[in-house]
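The chains carry the letters A, B and C, assigned in the order they are written, with residues numbered from 1 in each.
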Amino acid sequence: MAEHIVQLEKVNKYFGDNHVIQDLYLNIEQGEFLTLLGPSGCGKTTILRMIAGFEEATNGMIKVEGERVEDKEPFERNVNTVFQSYALFPHMTVYDNIAYGLTVAKVPKDEIKERVKEMLELVQLMGFEGRKPDMMSGGQKQRVAIARALINRPKVLLLDEPLGALDLQLRKQMQIELKRLQQKLNITFVYVTHDQEEAMTMSDRIAVLQKGVIEQLDTPDEIYKHPASKFVANFIGESNLFDGVVESVDGNTVCAKLVDGGRMKLDAEGFSAGDAITACVRPEVMGYSLEPVEGFDIKATVKNVIFIGSQYKMYAFLDNGQEIKINRTKQDSNVREGDTIWLHWENDDAYGIKESV
Amino acid sequence: MKDRVGRIERKKRSFNLKMTIFSLIVFAFIYLPIIVMIVFSFNDQKRNYYWKGFTFKWYEKLFTDSDLIQYLWISLAIAVLATIISVIIGTIGAFGLVRFEFKIKKLINGALYIPVVIPEVVLGIALLMLYETANMPLGMAAIVMAHVTFCIPFVVIIMRGRLAGMDQSIEEASMDLGANRLTTFMRVTLPMLVPGILSSCFMSFTLSIDDVIISNFVAGPKSTTLPVKILSLVKVGLSPEVNALATVMIAVLILGLLLNSLTQAILKKRAENNVKSYF
Amino acid sequence: MEDTIKTKRMSWGRRNAPAIATAGPVSFWMIVFVLLPMIYVVVISFMSRNVYGGIDFTFTLANYKEMMEPLYLKVIWKSFKLAVLTTVICLLLGYPLAYYIAGKPSATAAKLIMLVMIPYWTNSLVRLYSYNLLGATNGPINNFLLKIGAIEAPLDLLYSDGIVIVGLLTAMLPFSVLPLYTSIEKLDKSLLEASKDLGANAFTTFRKVTIPLTMPGIVGCILLVFIPSLGMYYVPEALGGGKVMLIGSLIRNQFLVTKNWPFGASLAILMILMTLIMMWIYTRVASLDDLEEVF
């Protein structure tokens, strides 16, 4: 079995009666960029804090580098954290902040100087040594926090929504920088965020969490194309979901009746007649026409079309009130508000979700 | 419409004027005894009863031969000791009470309110009874312990507020970087608490140095603090020398406060201008 | 949930050492110097005094019955009256002052609060004694009144209830301004404006909006003024020539003069009860955290 750098096995965490982490299994590989993604309250930060040692698991096993760490204090664990609030020491200069990990480890002064310099170069903050944190911008503070966490040369770096407080543009820039940094240093990053775009941009693998359970753990590509649940489909990117019951299976192609009337078909594996199926169709591959298409019977009414620069977003409604999102790069002059359209898609553009999580 | 606005404006102004005058009167009331106290420190009379004439001699006597000074030294020594002990116990204690959960936490939090709200005389007799029952001699040590008892709650209250307002992840960051709890407390928590510690010191010192009632109970016959001594003198009439001493004390305190705010301002300015390089 | 994996735990000692090391000393101190003595006061109040001035450890209610004697009831009633008057005047003087200070920009307000507190840092006895000098038969007030012919013979300004109230005010006023200021300062000024816009005149706004919103400050002021006023025996001693007695003076005498601990303890219990009642009232309108903000 391959060596996992961090391993969580059957971990449970209760806050009082609140079961925030439920039977969690998670193996993190050496050198990967793993993101814990989920809405607030899903337990992602709690997982990070349990690995760092700030929070105790109610039961279960946590291993770092193959060794159990549950009974170890944070300062005895070879992982380091970048906090959402930066958590810089306000009474220390940038130099002293970054040097802190080495200072408390009583590393010789010359070596500290050398390594702090190295770190400052790494995060491009040369010349800021003498500044106090309150005289720096959010982005600069974040770099200091990263340098400070990296100077101990941890095997694993834990990042708790580190870009949450930055504005959009800076955030995008820092995302790329962080990814580059991680590849350059080849250390494991465990990254917590609620921003799916951020997760998609940086991660090797994403664990999508909901209510203390990992709904799906896979590469961004897989998660986007083959969401394991309706929750994942909705949380990662936009999607149109159609609930139905399988009527017939013909090779790869499944024909299904929609729960609220109508019919559809798609390519899906592992279904047989009578199964519940949810078709997930991304807005960019959602097809429509003014006449019904063979195999499909889904009628919608166009609400409006919005131009957002890169594309046109069309909103339509099914008879049951469900909103349908359709993205196009070009405007379709044939369709206006109030028009009736018939939805369809290529068989392999839809993905069939079995709701069994 | 314009007229109405004008009327409201006038009404507002007259209200503000009335408030200012009222506040000035209250301030006058607060300061009247102090002004009288200062004036009568220059009174040329052995015991202060009425104004006889101007003299500096009480100040001279104060600094050359005065038995009051020895009481002042006792009071100062007690205040310094009580401040040091209560600020250490109170600061560390506040940290423990904020950061950890334990069984008797509620009880201790409740007990901390007692010295704050209960009349001093009640705490005074309670401590007197404790000392006598435990066969502890009254005197200096007894006074210091009594003062520590009523200073600790104020220190804890001040420090608890500061700790609660502190981002806990800063301490976590320190531990995360390899500093154990003690190192974290000394290198991160304490430096960040310095302003709170200073206010705690100030609070404890002023509470201790001016305490009459509790000291009166636990001082015993031999050692006496300045306020307790003054209480015994007050019945026969205070000498202007006492006024002179109180005047000097308040002058020193005000000077200290001014110096403090001045250095704060200078330090702040310097920090703003000071961006020095390490390499 | 069956077959959970048991998490490795630190030993009890390692786990609890930080809490014990930090909260231990303060807990020890509070138990030994506050809680135990307080319990002892309660116990002693039900004991009786033996002929040597010691304590006879047999249960009795005699001390509480003694309190009901007219002589003591008179003292208790009077000190209650003085404390109430002091508190009311403190509110009447302190509230407008606190309101005035709260209306200033924060830097000015901080300086004004400092100005309120400075007198408190002066020796309170010497400060009180000033009133003896002012009000003496040949002191400045009488001299002035005689000179302008308002009176024919010097007034006896000292040794009265009035001067004791003035003394208590001098000692307590800073403590009434602080909680009032903290709660008025927190007021959302736009709320008051809104009420005015709705047509309420200034007084109605004050009564219906300002007063209820600053209730924590008002009750805090009462708590910090009324209770201590009952016990400040040195005020009448410095000003009233010891003629006026407070409950505090009674208690002091039982311990330092007549050595009747049990009776003194029962008087202390009376004060503790009053304090508890005040605290209870306080927690009805505010939380104890509000009180902490004062310091």
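Here is the rule we use: a contact is a pair of C-beta atoms (placed from the backbone, for glycine too) under 8 Å apart; a residue touches a chain by one contact, two chains touch by 3 or more.
Note that the structure is a prediction, hence the values are computed from the model and not measured.
A.B. asks: With chain centres defined as mean CA positions, report which chain is farthest from subunit C.
C.D. replies: The most distant chain relative to subunit C turns out to be A.
A.B. asks: I need the chain pair with the most C-beta contacts, please.
C.D. replies: Per chain pair, the contact count peaks at B-C.
A.B. asks: So which chain ends up closest to the centre of the protein, judged by Cα positions averaged per chain?
C.D. replies: Here the chain at the core of the arrangement is B.
A.B. asks: Please work out the Cα centroid separation of subunit B and subunit C, and write it as a whole number of Å.
C.D. replies: Roughly 17 Å separates the two chain centres.
A.B. asks: How many angstrom between the C-alpha centroids of subunit B and subunit A?
C.D. replies: That gives a centre separation of 54 Å.
A.B. asks: Give, as an integer number of Å, the spacing between the C-alpha centres of subunit C and subunit A.
C.D. replies: For subunit A versus subunit C, the centre distance works out to 58 Å.
A.B. asks: For subunit B, what residues touch not just one other chain but two or more?
C.D. replies: In subunit B, residues 181 touch at least two other chains, as defined above.
A.B. asks: Send over the residues of subunit A in touch with two or more other chains.
C.D. replies: 73
A.B. asks: If I count partner chains per residue in subunit C, which residues reach a count of at least 2?
C.D. replies: Correct list: empty.
A.B. asks: Would you pull the subunit C residues touching subunit B in the complex into a rising list?
C.D. replies: Listed in rising order, the residues of subunit C that touch subunit B are 16, 18-19, 21-27, 29-38, 40-41, 44, 93-94, 96-97, 99-101, 103, 114-116, 118-134, 136, 138-140, 169-170, 173-174, 202, 223-224, 227-228, 230-234, 237-238, 241-242, 248, 251-252, 255-256, 261, 264-265, 268, 271-272, 275, 278-279, 288, 291-293, 295.
A.B. asks: Where on subunit B does subunit C make contact in their complex?
C.D. replies: 15, 19-20, 22-23, 26-27, 29-34, 36-37, 40, 48-51, 89-90, 92-97, 99-102, 104-105, 107-108, 111-130, 133, 145-146, 148-149, 152, 154, 156-158, 160-161, 181, 203, 206, 210, 212-213, 216-217, 226-227, 230-231, 234-235, 237-238, 242-243, 245-246, 249-250, 253-254, 257
A.B. asks: Show which residues of subunit A lie in contact with subunit B when the two form their complex.
C.D. replies: So the residues of subunit A touching subunit B come out as 52-54, 73-75, 79-81, 83-85, 87-91, 93, 95, 100-101, 104-105, 113, 117, 127, 129-132, 135, 148-149, 152.
A.B. asks: For a test of understanding, state which residues of subunit B touch subunit A in their complex under the given definition.
C.D. replies: Spelled out, the residues of subunit B in touch with subunit A are 167, 169-170, 172-181, 183, 187-188, 191-192, 271, 274-279.
A.B. asks: Can you name the residues of subunit A that touch subunit C in the complex?
C.D. replies: The contact residues of subunit A facing subunit C are 9-10, 12, 23, 56-62, 68, 70-71, 73.
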